[in-house]
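First chain A sits with chain B, and in the next complex the same chain sits with chain C.
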Partner chain A sequence: MIAIPPPFDLLPTLWRGVGVTVQLTLFGSALAFGVALIIGFGRLSRFRLIRLLATVYMELFRGTTLLVQLFWAYFVLPHFGVEFTEMQIGVLVLGLNYGAYGSEIVRGSILAVPNTQIEAGIALNMSPWQIMRRIILPQALLMMLPPFGNLLIELLKGTALVSMITLADLTFQGTLMRVSTLRSLEIFSLVLIIYFLLAYPLTLALRLFERKMAEGRS
Partner chain B sequence: MLWNWDYALSILPSLLEALQVTIYATIMGFAFALIFGLLLAFGRRSKIRVLSLISGAFVEFIRSTPLLAQLFFIFYALPQLPYVGISLSPLTAGILGLGIHYSTYLSEVYRAGIDAVPRGQWEAAIALNFSKGRTWLNIILPQAIPPIVPVLGNYLIGMFKDTPMLSAVTVVELLLTARIIGTHSFRFIEPFTMVGILFLVLSYISSLGVQWLEYRLNSRT
Partner chain C sequence: MVRFHRVSKSFGDLEVLRDINLEIAPSEIVAIIGSSGSGKTTLVRMLMTLEKPTSGTIEVDGELLWHKKENGRLVPADEKHLRKVRSKVGMVFQQFNLFPHMKILRNVTEAPIHVLGLSREEAEQEAISMLEKVGLGDKLDAYPSQLSGGQQQRVAIARALVMHPKVMLFDEVTSALDPELVGEVLQVLKEIAAEGKTTMLIVTHEMDFAREVADRIVFIDGGRILEEGPPEQLFGNPRNQRTREFLSRFRRTI
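Showing the complex of A and B:
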């Protein structure tokens, strides 16, 4: 075997964690998007009960904090006879938590579509469903994209917390190797740099998109 | 019955005591972030290119990496830095981590506040022959800070909700206390649920406070 010069000999082990981090980000954000849509629309429902339930959900998941939720799912749920793998808990809690934050984005974007647009739809004799699908959503979804991009970056950073429930993501591999090699400075410098390399392209893509959106608008 | 009220009541005093550590870390961390964030905002505006570049890169890097990994870096890696390496106590490391992480967010908030002060105010200060320091202290900051107070408040709540991460670097705050209690008694339902409720109640009340601040600010103008 060819010896890799330090500190890069640490990379293969860290690399295994990167896969878990990326998986968590992908599945977690997919679930978060779904939850955000359901809760966001729920908060705008005509029915008071649905509005109330959606608001309670949002406040509950935003207020009790991500790490406490992860611990709760990891330590308490088994007492109720519910057994999940660490990966399932990670995806589930990340999705439910960031979905609660995302629901405000959905609600805000839909409310931001000017009322005259809806009136125009009514004037054209469109059904409420048609108005939603062909007038409100195309405009609202475009407005949602930049804040959802920011939320995706936050979620990527949030995945680090799953290391606390022994799920072997990038941060967890770092803490494991710290114990076995004691080369903390090299390990955590690399860990931070890898996270930066994962997150920063997202930031740049987001800025490019926002610039494109702003073109020809003013 | 899964939930045991006697047990819950018996652990409440220890949890409330640990809550003090959590709140102390939040306040100290936020004070650090307020000051360091303002320095970063000044740094980014600086005419000295190196300074503005370094401040900008620092903000981008810290904002793109997880607080938890930064905490591990401060607690475990910092002591190994050659020549300047220092070992910090868990609580100091935690406060420093929270403070540095949030200062990068606050620097952007400050920047927005400063940019919102009309140009005429700068020109008036020049016309009155104010020194640079006096312009900042008497003209710009008094107008830039009040509008951003609610945003700062939201970040304070955000920081409070991030304090459970300090348990990773062995700060015995609320969450770690609950975990220790749970490990000793093999009962996790009560401690973790109560920690969740404490965070929920405190952050909800604080967010009502921020909303009230926002309302007052809007009705003033």
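Showing the complex of A and C:
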């Protein structure tokens, strides 16, 4: 076996955690996006009850800490006979939590489309649904992209908390190795760098996507 | 074609239109003039179903717009009824209100495809010939932001025309334009008027234009129709004192 010079000998073990972190980010953000749309639209509903429920949801998830939500799902839910894998809990809690933040982005962006656009749609006799789907949403989505990009990066970094419920992500592998090797400096420097290497391409990709979407518009 | 019967409109405590009675014949061209805040824009916005009258009724092509008859009684119209009657009306706005995320061609085909149910080919064919008519056949692939104000407004006119409304509303369509771009838009309006197929309601500050194309001028002041008549009479020999004041002030400022 070829010996890998330090600190890179740490990489194979850390690498195992990267897979979990990426998985959490992907599924967590997909769920968060779905939740954000549903709750965001719910907050704009014509019906008071739906508005109320959506607001309660948003305030509840924004107003309590992500870590305790994870603990709650991990330690308390089993008492009610609900059992998930650690990965499922991680995705669920991250998605529900960041979705609550995302719902404000959705709501704000939809409200930011000028009313005159709706009037133009009415003047063309479009249905309320067509106006939403063909006029408002495409414009709102463009406005959502930068704040959603931020939120995605936040979520990626937030995944580190799942190490507290023994999910073997990048942070978890790092802490595990610290205990066994005591090489804290190398381990946590590497972990930081890896997080950055995950986040930065995301930022770049989002910026590119945003530019593509905004083509022709000023 | 259009009939306002005792229509009033208030925003909160502010009464912007009071007891409006107005009838417009098929293919008649009516210009509505009056100072800002007189209520003339609100009048056409009610016809486009963008504002709901506080009282009174509006008929378009023999059908009530904001109401429908149920067992002989008038009840407020539902969305379905509104859409049915609204299909007879089209509108061009002061600020163009093109869809910024769509190219020019799609701005014009979107409603014919999704509201009228035309095929893409049919819709594009008609959109292209309509855009050529307003002199923009070479801008199909541009985005609205790449066009001048006058060009955007001509697209907006084409977009409204492909829906074949029986009544077209023009709400100060040249007010947001640089002076040198006003002419090209008025020219398009004149061409539509000359075809004589569409009933037109034109809210405008362009007095010379109104005088040239309109069959009738309606002067609104303080939420009421103070005077109406053929252009020669209303401009040449206004009966009402307020009309005279308005017109003379206008001549001075121009």
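FYI, the second predicted complex is superposed on the first by the 203 of 218 C-alpha atoms of A that agree within 3 Å, B and C clash if a C-alpha of one lies under 4 Å from a C-alpha of the other, contacts with A are read in each partner's own complex, and residues count from 1 in each chain.
Everything that follows uses one rule, which is that a contact is a pair of C-beta atoms (placed from the backbone, for glycine too) under 8 Å apart; a residue touches a chain by one contact, two chains touch by 3 or more.
Just so it is clear, the model here is predicted, and its values are computed rather than measured.
Steric overlap between chain B and chain C is absent once the structures are superposed on chain A; the two fit side by side. Contact with chain B, but none with chain C, is seen for A:Phe188 once the two complexes are overlaid on the shared chain. Look at A:Pro138: by the touch rule set out above, it reaches chain C but stays clear of chain B.
Of the two partner chains placed around the shared chain by superposition, neither chain B nor chain C is touched by A:Ala54. In the superposition on chain A, A:Ala36 contacts neither chain B nor chain C. Touch criterion not met for A:Leu94: it reaches neither chain B nor chain C. More residues of chain A lie in contact with B than with the other chain of the pair chain B and chain C.
Using the contact criterion defined above for the overlaid structures, shared-chain residue A:Ala123 touches chain C, although it does not reach chain B. Annotation: superposed on chain A, chain B and chain C show a minimal Cα-Cα gap of 24 Å. In the superposition on chain A, the residues of chain A contacted by chain B and by chain C do not overlap at all. Remark: chain A residues 59-60, 62-69, 71-72, 75-76, 79-80, 153, 157-161, 163-164, 170-171, 174-175, 178, 183-185, 187-189, 191-192, 195-196, 199-200, 203 touch chain B in the complex. Note for the complex: chain A touches chain C at residues 116-117, 119-120, 122-128, 130, 134-135, 138-139, 142, 215-218. Listed in rising order, the residues of chain C touching chain A in the complex are 48-50, 79, 83, 86-87, 89-91, 93, 95, 97-101, 103, 110-111, 114-115, 142-143, 145-146, 159-160, 163. Chain contact summary for the complex, chain B toward chain A: residues 2, 60-61, 64-70, 72-73, 76-77, 79-81, 161-162, 164-165, 167-168, 175, 178-179, 182, 188-189, 192-193, 195-197, 199-201, 203-204.
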